[in-house]
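Shown next, in structure tokens, is the structure this report addresses.
Residue numbering begins at 1 within each chain, and the chains themselves are lettered A, B, C, D, E, F, G, H, I and J in the order written.
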Amino acid sequence: MKKIDVTEAIFAIKKEKNLSWESIAKATGMTDVWITSACLGMNSCSEDVADKLVAFLGLSAEAKSALMEYPTKTWDHVIPQDPLIYRLYEVVGVYGPTLKEVIQEKFGDGIMSAIDFSMTVDKEENPKGDRVILTLNGKFLPYKSW
Amino acid sequence: MKKIDVTEAIFAIKKEKNLSWESIAKATGMTDVWITSACLGMNSCSEDVADKLVAFLGLSAEAKSALMEYPTKTWDHVIPQDPLIYRLYEVVGVYGPTLKEVIQEKFGDGIMSAIDFSMTVDKEENPKGDRVILTLNGKFLPYKSW
Amino acid sequence: MKKIDVTEAIFAIKKEKNLSWESIAKATGMTDVWITSACLGMNSCSEDVADKLVAFLGLSAEAKSALMEYPTKTWDHVIPQDPLIYRLYEVVGVYGPTLKEVIQEKFGDGIMSAIDFSMTVDKEENPKGDRVILTLNGKFLPYKSW
Amino acid sequence: MKKIDVTEAIFAIKKEKNLSWESIAKATGMTDVWITSACLGMNSCSEDVADKLVAFLGLSAEAKSALMEYPTKTWDHVIPQDPLIYRLYEVVGVYGPTLKEVIQEKFGDGIMSAIDFSMTVDKEENPKGDRVILTLNGKFLPYKSW
Amino acid sequence: MKKIDVTEAIFAIKKEKNLSWESIAKATGMTDVWITSACLGMNSCSEDVADKLVAFLGLSAEAKSALMEYPTKTWDHVIPQDPLIYRLYEVVGVYGPTLKEVIQEKFGDGIMSAIDFSMTVDKEENPKGDRVILTLNGKFLPYKSW
Amino acid sequence: MKKIDVTEAIFAIKKEKNLSWESIAKATGMTDVWITSACLGMNSCSEDVADKLVAFLGLSAEAKSALMEYPTKTWDHVIPQDPLIYRLYEVVGVYGPTLKEVIQEKFGDGIMSAIDFSMTVDKEENPKGDRVILTLNGKFLPYKSW
Amino acid sequence: MKKIDVTEAIFAIKKEKNLSWESIAKATGMTDVWITSACLGMNSCSEDVADKLVAFLGLSAEAKSALMEYPTKTWDHVIPQDPLIYRLYEVVGVYGPTLKEVIQEKFGDGIMSAIDFSMTVDKEENPKGDRVILTLNGKFLPYKSW
Amino acid sequence: MKKIDVTEAIFAIKKEKNLSWESIAKATGMTDVWITSACLGMNSCSEDVADKLVAFLGLSAEAKSALMEYPTKTWDHVIPQDPLIYRLYEVVGVYGPTLKEVIQEKFGDGIMSAIDFSMTVDKEENPKGDRVILTLNGKFLPYKSW
Amino acid sequence: MKKIDVTEAIFAIKKEKNLSWESIAKATGMTDVWITSACLGMNSCSEDVADKLVAFLGLSAEAKSALMEYPTKTWDHVIPQDPLIYRLYEVVGVYGPTLKEVIQEKFGDGIMSAIDFSMTVDKEENPKGDRVILTLNGKFLPYKSW
Amino acid sequence: MKKIDVTEAIFAIKKEKNLSWESIAKATGMTDVWITSACLGMNSCSEDVADKLVAFLGLSAEAKSALMEYPTKTWDHVIPQDPLIYRLYEVVGVYGPTLKEVIQEKFGDGIMSAIDFSMTVDKEENPKGDRVILTLNGKFLPYKSW
């Protein structure tokens, strides 16, 4: 059983039982963003989280093992096509050099880690149209010289 | 005078006068992220902001006009190469489908606008290494059917 | 049952019963362009539309569920190859900067939404050869500054 | 003098005299979309239109000749990047196969010409946000068999 | 039954019965180039031609229907690799701008249609080596201004 | 003086003297297609043709030498963009496998040479719209086995 | 049975019977390079060679027919990745313009045919390390003018 | 003075003095292929060869230094376009896996070096058309295991 | 049985028996890096190593044969996507020209072989975070002139 | 003065004074790899290092400032072409998944940092040919879950 098979199994159960990612997050004690990424095969679960996920969804023992495997993280479209994902790519294209200027002014020469990293999605209600609040939180890593 | 020329002029003055993006932001009443993007030619200034920017930096009248022009937003590398910007691209690749799941669960079928959109960069001090907090705030746009 | 399976089922039924997109549109109360895009898996149906579509075509309950799922919108050829679709791509290449000039002169700095958006196809009879009238209708979204 | 030089000259004059594409369209008797495309070097002017354009803008005789030359129509980014133009590309990607279905159902096997073709941009005022109405009008060309 | 299945069926029958494209052309009253393209799924047959083809080759009724469907015309290699096809691509690369000069000098600003179009292949016997004569015949389409 | 400089010089003289490619062809005793390709730097002239071309256009001695040099044949867009040239590319994409079938049925396993090759453009007057007749004539080269 | 199936059958038999390409070459009277390319589906066999190959390897009658078919020559990686093949690509990249200079100095304006072409691989024993001797032999084709 | 400048200087002198690569090869004691590649900036000369080249062509002392620099070997077109060079690329595409089979059968698991490597071009006169004989000679490098 | 099948079999056994690459390395007398690459199908085993691997893991005789086959080395993503592998690609991009300067200063004009090559991974414990020590060891190959 | 200008100045001085990267490394107290990367514009110098570099090479005050700027790290060829750099790319392609297996077995789920990173080049003398020893040393970064 590979991660992709677990992902398909989770989607089927989630649909059948009419579950939300939020409920899966609560059952596992993780955030909705992180547990979704693990269910999509893009992060590995600790044994504790895998146990909870398997118990909550009624997955097999083999699924637990696959959930704990370290993923190979790849994606299909070098330039994303789905509009929701493309808009994020566009933000990176349009604001990338701006973020480099502002982050490096505040922190020095280095980068924001995408590994020692977390992210949340929040909903801000607004009469003119609700707003998506996406917060990325990454450790600043200064370049080493030697 | 084109936007690219204004950008070069601003970088020269900024270096000579040892200014920060933060001080330029304060002088114009905008955030550091937005005013930096405008100085890099990726957003157009209102006349009021252009006036303040020209006054603060000592730019020419022609520069004011270029700052107010509507930009054509393009970038050089379809896959970014600078590590700071690449890490953001990687986040979009690794977490794009996750964000689609989570955002659409919370909001319905639609996207986060990259136009009715703002973004901030904050510094979270942390003894294990300071953290970059990047917050994207975009209006949710539901798909229309007809 | 995935969206792609529903699409194949719809094509089979449509051929067998010799139905037109126009008749499917009428049965569902939507336009031919939109209902075709939903049948091709590029838009999600509301429950009401899904019910009508399922009833009219004699689809399964599982198909209804798939029709209501939020689609991931992707396409195969970054540069389209089929001549009908390529000509539209060519129009975007040849006239893209022109449309940017004209739209932004009329509306200010911003874009035409592809989300809060509709489109129709009409036939204009003409002795020198009938003409295709394609009308795109998108909300103007002004760039936000912050 | 090449077309690109004429384009730069026109932009400079347009800015200096604070002209709109609409006024240039009126002076030449063409639509704003078409005359803008000609000024951007993407269409060739008839002698009559070139004369009017040269007269209205105060261009040189050499410019007239360049305006009448047949253009080589090329574009820089195979996938457009500026958000206004990208949205049109996205519409082609998302709705291309839908348009093929609907147009060919109405007209038979063939395409919409991008040569025997015209296009207009209109503004529809709307309290929820004005709307861009983009109308493409192309001759239907049936495939020939032989 | 899809066009690709009909193509495979035709190749199998053609091999089994040792038929030539020329004989298939004669039986259907079309040219060898056109009927071959239809058999390869790149053009749609009229009912009359489909009937003759089905009769001559002994195809199924379902094949007739597939032969009459409007094809989606795509190809695998953006730059062709098979030497016979690459040489044609090379001719377009090397002589494309030349053909633009010569055609537009003879006809004015416009293009040769690839839709209102036919093509033949002839053999010219020659003691130094026979020659392939490829003749493309396309309607000239002048650019419209508006 | 490089080939590209000669090309620019020829275009300038051709425009100034209002010459056609047809007249240049006659003056050099070559066809319009070939002489145009040589003027565009895509073929090398024999000394005799170079002499006639230099004499007819009033080019320099250095230009003669450049015209006789063996060209490096390259093109800018792997997929052509100008509509006139793209249509030819589309023909290769749509009909490439068809031509392979038909040519190899008539000639055996091999290709049509693009080197031992000539091409002509003719105009066929037609009340429904004149037609471009493009004739490619290439030596058939059978594959060798060894 | 397609060429790819014959290739798989040949590899299976070759492994089972522990045959070398050299022995297959001897049995068919062709060189090892050519017969290997034919077994890999990149060249078509004459009936005589196909008969010998079928007899020597114990292939089916259907395989004989597939071996005689004219191949469509394509390859998977536009830039080869396997180190042995990449080194050849690198030689073309590094020495391509050099070969053009030297070949055209010796032969005039033209190319080396890849169709009227043969190639051999030899082993030169050498105490410092054996050497691969790869010899390409192609007919020189002069460019035609017309 | 960079390698590219030396290359241009050499081409100018070679044309002015009507020299051949063969004569340059003789004057330097190297083969025509190698010395041409060094003149094109794709190999570095030993001091001895640089001295002979400078003396024979009348180059500057600065050119000698540039000729001795270690080159960065790059090329413009990932898929070559000039027909002479493309045919070599096609040979690598069509025969690459064949050469891997034959070389590894003769030598074991490893590659032919493109560094400990030489190449010659010879002319074989032939009444049916002269032939280009291209000989590559590279050290076999076995893969190491560890 | 192909190399890919052996790889899948090895992963299944390794998981079932809870083996490490380190233990597989010890059982075969090779390093962990090399034996892992052989298990992933990127190197060929000598008969001795294949015997040990088959014995230790309980593989079939057919697997032994596949392990000894010479691999075709290819990879899926021209630009790697998994973060661990991408960082190595980034190092090549950022430091490639630096390594060329430093290696060629120490060794002369030439390259580091990737064939006569070995590599090790070590762990350096460090209170601030353990460090990965990756050591590449390749024979220097000087360019040959001829 | 931009980083690229400082790089050119350093190369000119280095050549004129016949300096090695090793001597520049000693004068600045950094390793040869790191100081070379800084001179090539791929790392930023601390003020102390910039002072020493400026003093040792006799650079301008403006150069010091440019050396201290934070670089934008980009490279020209997505797949490197120079053989020395390509071999490193090939190692990443061939051994990337192997390194992922081995590193993650030793360290857990995470990556080797390319930011908190150093690298050295050593020469191992060897009678069969000297060997390049390239050592990469990067902090292990475990993936965070949240």
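Here, contacts are C-beta pairs under 8 Å (C-beta built on N, C-alpha and C of every residue); 3 or more make two chains touch, one makes a residue touch a chain.
Computed from a prediction, not measured in an experiment: that's the story for all the values here.
> Just how many steps, at minimum, does a route from subunit C to subunit G need if it may pass only between touching chains?
So the least number of steps between the two chains is 2.
> Would you pick out the chains that touch subunit C and also touch subunit H?
Of all the chains present, those in contact with both subunit C and subunit H are E, F.
> Can you give the rotation angle that fits subunit E onto its twin subunit H by Cα atoms, in degrees and rounded to the nearest 5?
Best-fit rotation on C-alpha atoms: 180 degrees.
> If I average the CA coordinates per chain, which chain comes out farthest from subunit D?
Most distant chain from subunit D: I.
> At what distance in angstrom does the C-alpha mean of subunit I lie from that of subunit E?
From the centre of subunit E to the centre of subunit I is 49 Å.
> With chain centres defined as C-alpha means, what is the inter-centre distance between subunit B and subunit I in Å?
Taking the average C-alpha coordinate of subunit B and of subunit I, the gap between them is 42 Å.
> Distance between subunit I and subunit J based on Cα centroids, please, to the nearest Å.
Centres of subunit I and subunit J (C-alpha means) sit 23 Å apart.
> Calculate how many whole Å lie between the centre of subunit B and the centre of subunit G, each centre taken as the average of the chain's C-alpha atoms.
Their C-alpha centroids are separated by 55 Å.
> Considering subunit C alone, which of its residues make contact with at least two other chains?
Each of 33, 72-73, 75, 78-79, 81-83, 90, 93-94, 97, 100, 104, 110-111, 113-117, 141 in subunit C touches at least two other chains.
> Which of the chains are touching one another, listed as pairs?
So the chains that touch one another pair up as A-B, A-C, A-D, A-I, A-J, B-C, B-D, B-I, B-J, C-D, C-E, C-F, D-E, D-F, E-F, E-G, E-H, F-G, F-H, G-H, G-I, G-J, H-I, H-J, I-J.
> If we count contacts the way the header does, which residues on subunit G are in touch with subunit I in the complex?
Residues 15, 76-77, 79, 81-83.
> Hey, which residues of subunit I end up touching subunit B in the complex?
79, 81, 83, 86, 90, 93-94
> Which residues of subunit D touch subunit E in the complex?
30-31, 33-34, 38, 43-46, 49, 70, 72, 97, 100, 104, 108-111, 113, 115-118, 141-146
> Contact residues on subunit E for subunit C in the complex?
That would be residues 65, 72-75, 78, 114-115 of subunit E.
> In the complex, go through subunit E and note every residue touching subunit F.
Touching subunit F: residues 20-22, 32-33, 36-37, 40, 42, 73, 75, 78-80, 82-85, 87-107, 110-114, 116-117, 119, 121, 123-124, 126, 128-141 of subunit E.
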